[in-house]
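In the two complexes that follow, subunit A is the common piece, with subunit B as its partner first and subunit C second.
After this line comes the complex of A and B, so read on.
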């Protein structure tokens, strides 16, 4: 089966600056891919290329196996999009926007759109320009799902949304996944919100894809290790005992050492615990947000 | 097309308030006649003009306003991404917006017009245009103009919003394109190429308009949500197309202007020098009226960019030509040594304020007389200086002709219907004086002087009366014909004799007179509608063209001594010039126009040999 989304050697340049460098990734059918990155990492440029809105400087983006730039129109009939900035003609109401879409999509479920808007509590007769940011986002999500797309592309959809709006958005996405197995590609800063549904994660840093991995494997190899250290005078310094791990981030706390490691292994951890002077060692799973911070944050390595 | 119509509909729906504004404004023409200060215009006219003005304001305002706001700001803010996130093509996104703007412009203009029309208003210029122009041509032109304005504003706004260095390049290219087109278009009028000028201007305008539309499409379809990419696409398409248009217009202009005598194809008109093989020839070539100096022997030529009624002049000895170059003024004078194959036409330092009402070369071509705005001047062409100028009092409806008596004296014949003054400008003494006058003219039709200026034949009413006068004093010498006649065409022959063709109830006749006007002989000519005298191809043998009731001419040879007339060719008629008398047997006496004046033919009536010089001959 053709992957809904595939990116091959994507490079995007703006003059002398490079937003994306040779990025390649693939999103399997029915999966939820979260592309993470700090502001300015190149996520939006990548999404614009993915949507056929911008021509890559090099490489290509494929939607359902076809070049997104060249075959954008055909691909858009199978894709739903929630942009970073929810924007639509400001004078049109949500109902009019739905009517507009009904004329251009081969399959458009206006009733489902209106039902979603009702669930979100969006007034259908208020011009789009007068809606709150959260309501605008909800309108965009309702429109994105109106033609039962095979894939959803969400560009930071929770940006500026309150807790209730975010929650409604997650529910709709989860519902889509449950009902139809829609492929989802999302760029987001709301790592906690998506953590439960993401199946694969990519991290962009300064335009380069520095991580692209299944969520399960990622969570399996990342652990937070805490221990008190009798090997040093202060108990809060550390020496060579962490050498067996690849420590992404090490912090000195009052009670001892805390390290985020990216190559956790039970056997190695047992040997670590057995080191004389390492007391009260424990290992626990790390939330996606911390993995992201460890990988994409500025702080790195075993420095104090 | 679904996307196109959906976007058109959406854009119109978003601006539906414009319809209400137009409907409200449409009341203004109805109350306009009651507003003081209409200058006495009728109520219908006031309504018509007011409605037209407001309609125009709506149409133009919407094209300008939406041209600048509909697409470019959406691209700059990436708001257009809403459309690109749908299964809609780029052409539908651009075309739908443009169509919506045009529909809004036309619909609002119509809404404003309808109440005034119902109240009896009509288009103010309806009386001056044909029904087709009112109903089709002008509406299409107006719509085209609205489209171009919309696209132009889109291009300008996009360039400004992109804030890229390309905007500066756009400005440079716009100036270059303007200069390039101006260079081509400004040259064509110099060659009197009004039709090619119109074709080139209209063609370029259409190409530029199409380029703007295509560039607008490219900016949307290829720029999508990237304003700088949109600007690049716009500039690439626009300047490529405009550049091609500029090159095309220049190539077309150069093609028109580089016409050679061999390209002449119809409406030939030629004027030979009295001696030698040079002629002035004009006709239609490459869509324009073209004038050449042309050597019938060597085929040397030069195109003279002169206006149609002030062509080049050739000296009587055929050694020198001069012409006034057509341009915006002042008008430079050009000369050309025809007797030296190595010499090219040269622009002199002499500049004239106008094309002049008179322009004559001396017999040897060393001096030129011109008259412009009543100022008669003699120029020395070797030194490129004005030797003498004199103000010649002018009267209404007068005409002035003249000729050099010698290199220092220029004789002027100033006439109107009833008076005929003879004056002379003397260069050494720098004096202009009246030397004679012809009395008793009644409705002068035309006159002709012999090459020396010594005799004048004047044809006036009644009955095309034809009389010979002394060219210096104006004294009456002889009557060459005063019996009723439909036409009389006199001609001084090079041997000083005078030939007059005459058409009357008695038919066509050729009368021959001596230098003093004494009748020598009358030779009946074959039946025909008109007769044209050519030159003496041999002593006493005159070529005559006789036309039938249609447009066909036959060439005849009249032998004065044998008193005979014989046909020498079908479909040929001799080239003639009232004021020149070609030397006997000279090449100029053997120049004929071919059928339908579509060619110029060298034909020897004595031997029957013919050669097509120019055009498509028999």
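After this line comes the complex of A and C, so read on.
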């Protein structure tokens, strides 16, 4: 089966600045891929290329095997899109928008669209321009799913949504995954909300894809290690004892050292604890948000 | 589903947390033999996790004879779910004990205080 999304050597330049540098990634059928990055990391340029809205400077993006720039039309019938900025004619109601889409998509399921809007609590007869930001996003999602797409591209879908609207969005996405095994590609800053849903994570930093990994493997190798130490003269200084774990970020606290490490291993940790001078060592799992901060943040550890 | 809690941030894979959690509910009798188990879809929504993760846990529990699937009807706790093997029980206990011990160490409490808290929690569990 062809992958719903494949990006090969994507490079996007604007004059002298480069937004994406040789990015390659692949979204397998049925997976949920989260692309993370700070503002300005190149996410928007990548998504525009993915949707065929922008021509790459080099490389290409493929939707179901077809070049997104060259043959956008064929793949669009198989893809649903929720743009970062909800956009529709302000005078049209959700129902009118759905009717309009029905003329474009042969497989349009108007009843399912209206059922979704009802679950979201979006009034079907209010003009789009008078809906709240959250409601606009919900209309976009309902419309994106209207032709039962095989893949869903969500560009920061929870931006500006309150807790209730976010919760409704997750429920809808999880339901969609359960019912139809839809492939999802999502860019987001809401890492905690997507943490349990995502199967693979990519992190963009300064245009480069610096991480591209299965969520389970990622969680398995990251830990927060804390210890007090008597290895050096001052309790808060640290040396090479963390090297085996590959410390991504080290913080010096009053009681000792706190490090986010990316190469954790139980056996190595047992040896670490046994080092004379390492006291009260503990290791705990790290939420995706902190993994992201450690990998994509600017700071590269104190004492360097 | 009451009593089933998972932590997506935990290093233990989510499917494994769900599997272990359901085994525990069955072992404690909170889920009786023959009881209905929520659908993959509903449980995934409730826990806000990928349905494939829930399906994996259900599949493993079905293979182990803890759950049974009745075609077109849903998933149930098996009429006679197998008791957990001695090695599994020992492993789960060891893992949970390690987590508790490292938490206690992080909080800076003594071994005796930690043991006392465990005894108190045990007593509370007996009453409910």
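In this section, the second predicted complex is superposed on the first by the 299 of 304 C-alpha atoms of A that agree within 3 Å, B and C clash if a C-alpha of one lies under 4 Å from a C-alpha of the other, contacts with A are read in each partner's own complex, and residues count from 1 in each chain.
The working rule: a residue touches a chain if its C-beta (ideal position, glycine included) is under 8 Å from a C-beta of that chain, and two chains touch if they have at least 3 such contacts.
Only a predicted model underlies this, so the values are computations on that prediction, with no experimental measurement involved.
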Who does A:161 touch here: subunit B (first), subunit C (second), both, or neither? neither
Between subunit B (first) and subunit C (second), which does A:7 come into contact with in this model arrangement: first, second, both, or neither? neither
Taking the superposition as given, does A:32 touch the first partner, subunit B, the second, subunit C, both, or neither? second
Which partner does A:113 reach: the first (subunit B), the second (subunit C), both, or neither? neither
If you stack the two complexes on chain A, which partner ends up touching A:94: first (subunit B), second (subunit C), both, or neither? neither
Output check: A:286 vs subunit B and subunit C. Expected answer is one of first, second, both, neither. What do you get? second
In the complex of these two chains, what residues of subunit A are touching subunit B? 48, 51-55, 72-74, 76-77, 81, 83, 85, 87-89, 91-92, 96, 100-101, 103-105
As the complex stands, subunit A meets subunit C at residues 30, 32, 170-171, 174-175, 177-179, 193, 195-199, 216, 219-220, 222-223, 226, 280, 282-288
Subunit C residues within the subunit A interface of the complex: 6-14, 40-41, 44-45, 47-53, 102-103, 105-106, 108
In the complex, subunit B touches subunit A at residues 2-3, 5-6, 9-10, 13-14, 77-79, 81-82, 84-89, 222, 224-226, 229
